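Submitted below is the structure of interest, expressed as structure tokens.
The first chain written gets the first letter, and so on, giving A, B, C and D; residue counts start at 1 in each chain.
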Amino acid sequence: MTARVGVITFPGSLDDRDAARAVRLAGAEPVPLWHAATELREVDAVILPGGFSYGDYLRAGAIARFAPLMERLADAARGGMPVLGICNGFQVLCESHLLPGALTRNASLHFVCRAQRLRVENAKTDWTRSYEEGQEIVIPIKNIDGCFIADPETLEELESSGRVVARYVDVNPNGSLADIAGICNEAGNVVGLMPHPEHAVEALTGPSSEGLGFFTSVVQRMVSA
Amino acid sequence: MTTYGTEPVRPAVDTVARAAETPDAALPYAELGMNDEEYARVQRILGRRPTSAELAIYSVMWSEHCSYKSSRVHLRKFGEKAPHSDALLVGMGENAGVVDVGNGWAVTFKIESHNHPSYVEPYQGAATGVGGIVRDILSMGARPVAVMDSLRFGAPDAPDTRRVLDGVVRGVGGYGNCLGLPNIGGEIVFDACYGANPLVNALCVGVLKPEGIKRATAPGPGNQVILFGAGTGPDGIGGASVLASATFDEASHQKRPSVQVGDPFMEKLLTECCMEIFAEDLVVGIQDLGAAGVSCATTELAAAGTGGMDVNLDLVPLRDPTLRPEEILMSESQERMMAVVEPAKVARFLELCKRWDVPATVIGAVTDTGRLRMTWRGETIVDIPPGTAADEGPVYERPYERPADLDQLQADGPDRLPRPSTPEQLRDTVMWLAGAPNLADKSFVTSQYDKYVQGNTVLAMPDDAGVVRIGDGPQGIAIATDGNGRYARLDPYAGAQLALSEAYRNVAATGARPLAVTNCLNFGSPEDPGVMWQFAQAVEGLADACQTLGVPVTGGNVSFYNQTGTTPINPTPVIGVLGVHDDVTRRIQISFNVEGMSLLLLGE
Amino acid sequence: MARFVVEVMLKPEILDSQGQAVARALPRLGFEGVTGVRQGKRFEIELEGPADEAATERVRKMAETLLANPVIETFELRAE
Amino acid sequence: MARFVVEVMLKPEILDSQGQAVARALPRLGFEGVTGVRQGKRFEIELEGPADEAATERVRKMAETLLANPVIETFELRAE
């Protein structure tokens, strides 16, 4: 049976179709989910895609967090369902307190779009098991509110429990604390990532196809589960 | 209930009946940019003086910006000299041209200027420039798939350039990024002549099925007219005539005209909403609201349809309830569209708008009266034949004359420049060129633009042309924009041709077959015979070159009055060329990315 | 040391898309009866020296040139 | 009708990159002696009904749930 991976569309989501494409390329079935729905449509995993939900007005992710579907998602996430928040999706997860910390304005105050080198620090999460620990990959980053911050205790907790999933290498594009590009919850099923793996799934349109691993990881987990 | 003096005192509405009774009442047509002759023409058309609402409509529709009154006689050449092309599905005259690219796909693209607003308020000016061109593409029935921006700024070290450049780039990026449109290319040129006249030309390209082409027309009496998108506020009131058509001088800068402010989030909702509306075939006609807002949409839709329309202006949703009808008619509030919908489909249309949180209101209906009639507070305030405003504006044959200084300028050739002769000097020259702002790396700008979104970008900055995949591939399109004001200043005929051939080569260099041309013609005041000569020459040059190359002009835009005092900018035709790739996997990049390849130089 | 607050708001006639987004979100969160939301910026500025007339004048100039965009915004300022 | 102002500022320990950018720009514009700039948000909220205790409570709830992110921000509120 193919894994069913839901992709939520909020008003202002931009990378929902791209995330669905990546899911398909990874061999799973993308299932569109509407923010105002109240059912998760029996999906095995969920992606919160990039974009500017509600225009990123107020704060990135602040309004999307209150979408009806988010309540269901929060329950499912606490129950162990794999959830990946990419860029705006990461912001929504932080605003929902499903992940700690916050994403604030880039240190440069500019939107930054570039092919970014990352190091996968934790290859045990539901979304990174296709990678090796320490593996370096190049995938796009594109955001203006990508600077990850957390208080010192939270940071210490993330570091000591191996919950930093990926770190920027060479350049820290947004001023994130400790070069953090992505983190996960304690159980490792909820991952937030600033860069965009769904834009690195085909060499033709991305800087590499090294982002595909995030999507094959969750498929692998479904198969092995 | 009796109220004593609590109602604000407001001037009475100028109704059609009142206009007939008071033929001699004075209206401020001159302030609205209309001359005596034009005003007299309106009176002849109506057989009476216009109401103030009617004057609002005529003044914006007959402004240079909307009516092309100075350029029209020249632009005809594009049509007259157009090479035959089977690919052309919609030519000049619609919101944007459409070309058939094969395999059941069509592409629509167009470039437009937002120069003056971008000087007054760079962020919002540039942002709303992107927003406007995207709605043009949307209104053809297409899904917008990419944007490009062609920019000109003053000298890099001029004090104002930083403000303008920073704001414009943030605006282009802020709007396009939020809309989810990859920015796949453009230009940035610095030249002192653009100091107080920056150029912001934005291009959008969209993809559709040929059978899904939509038109700006209101046929079928009884069909409902729906205004949807953002509310109407006092944005850029008078902007179309004051901002875009009047010479930019100290006085208008002092006046701080009300600028348009964009809401890209609303435009994203509007886009997705339109996609679903088109997929269910719910409209018989559609038009975006740009400059001249409701005036433009109602007159153009009505004129291109059965010919009549009744509109109740009280139904227009207002952001500011104190707006007068004239202001409602002239408001340039962004992110609005107007659709013509069969009565049976209205409910579904409104349902889809609701799903996307897009306000939508039925404000009128199509009629067969041949008249555009509008009421406000129960009174008729507009009653005109819509075509007279939309299509029958004044046409001027402005005098033109070769600039007197041109011989001298042309004589000042490169042979007078010192040549580097020693290795040292050569080295210095190379270093100087590499460091010149016009040649230097532009990634400080392009890194602020999302080029990956939608996942179809095959080539973008720094390649010669942007290439995007369409459908599921392997088909794709390539687009490049180019323009060189210095060449055009020396010889506008050849300059326009050089711009075209550069864009054409850039598209071809990716491996694409060039198919169609769009253009944005940025010039000084058409009232200056020297400028008018430059304009005529550039159009002629472009039309001739298009004929030779066998590619039709499918649309474009003219921006006049780019001048400071009496000094015009260098004439700057910016040309966009669209090409098609049968297989994007075979695209050619600019980088030498395979070892051992031979390097050949073609041409002389 | 002088401490000033500068409050920058969009002019009333200018579209406040951020405020509108908040206003539309509130009823969905169960907050009814909100008739308007405007969103602006607030700056806290610390200067060397006393909070006198001259300092106020300097902060006003800063607000005019940098903190507010006079084309679309207005500002108010006060010493704290 | 009740009118409230909610002021949201970053917690002092959180890096305020926008405020810092302003602070860096000021000397370039000739404004010396500025020792600190913080940038925050200001909301003007209009509610139906009187500006009583209950209304204040409702606005406080709005601020807590939506207008401010307690992880990084604090807010103050007052009736106007």
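Simple rule for what comes next: a residue touches a chain if its C-beta (ideal position, glycine included) is under 8 Å from a C-beta of that chain, and two chains touch if they have at least 3 such contacts.
It should be emphasised that the depicted structure is a prediction, and the values quoted were computed from it without experimental measurement.
Any chain bridging subunit A and subunit C, meaning touching each of them, is among B, D; the list is complete.
Here A-B and A-D are compared, and the pair linked by more C-beta contacts is A-B. Centres computed as Cα averages put subunit A at a distance of 37 Å from subunit B.
Subunit A and subunit D, compared by their mean Cα positions, are separated by 29 Å. Taking each chain's centre as the mean of its C-alpha atoms, subunit B lies 34 Å from subunit C. Here the spacing of subunit C and subunit D, counted between their Cα centres, is 9 Å. Those residues of subunit D in touch with two or more other chains are numbered 66-67. Residue positions of subunit B with contacts to 2 or more other chains are 263, 265-266, 357.
Multi-chain contact residues of subunit A (touching two or more other chains) are listed as 54-55, 57-58, 63, 66.
Here the touching chains pair up as A-B, A-C, A-D, B-C, C-D.
Within the complex formed with subunit C, the subunit B residues making contact are 120-121, 124, 230, 233-235, 256, 258-259, 261, 263, 265-266, 319-320, 333-334, 357.
The part of subunit C that touches subunit B in the complex is made up of residues 13-15, 17, 20-21, 24, 69-72. By the touch criterion given at the top, residues 17-18, 21-22, 25, 28-29, 39 of subunit C touch subunit A in their complex.
Touching subunit A in their complex are the following residues of subunit B: 170, 173-174, 177-180, 263-266, 268-269, 356-357, 446-458, 469, 473, 584-585. Of all residues in subunit C, only 1, 7-9, 19, 22, 25-26, 29, 31, 33-49, 58, 61-62, 65-67 touch subunit D in the complex they form.
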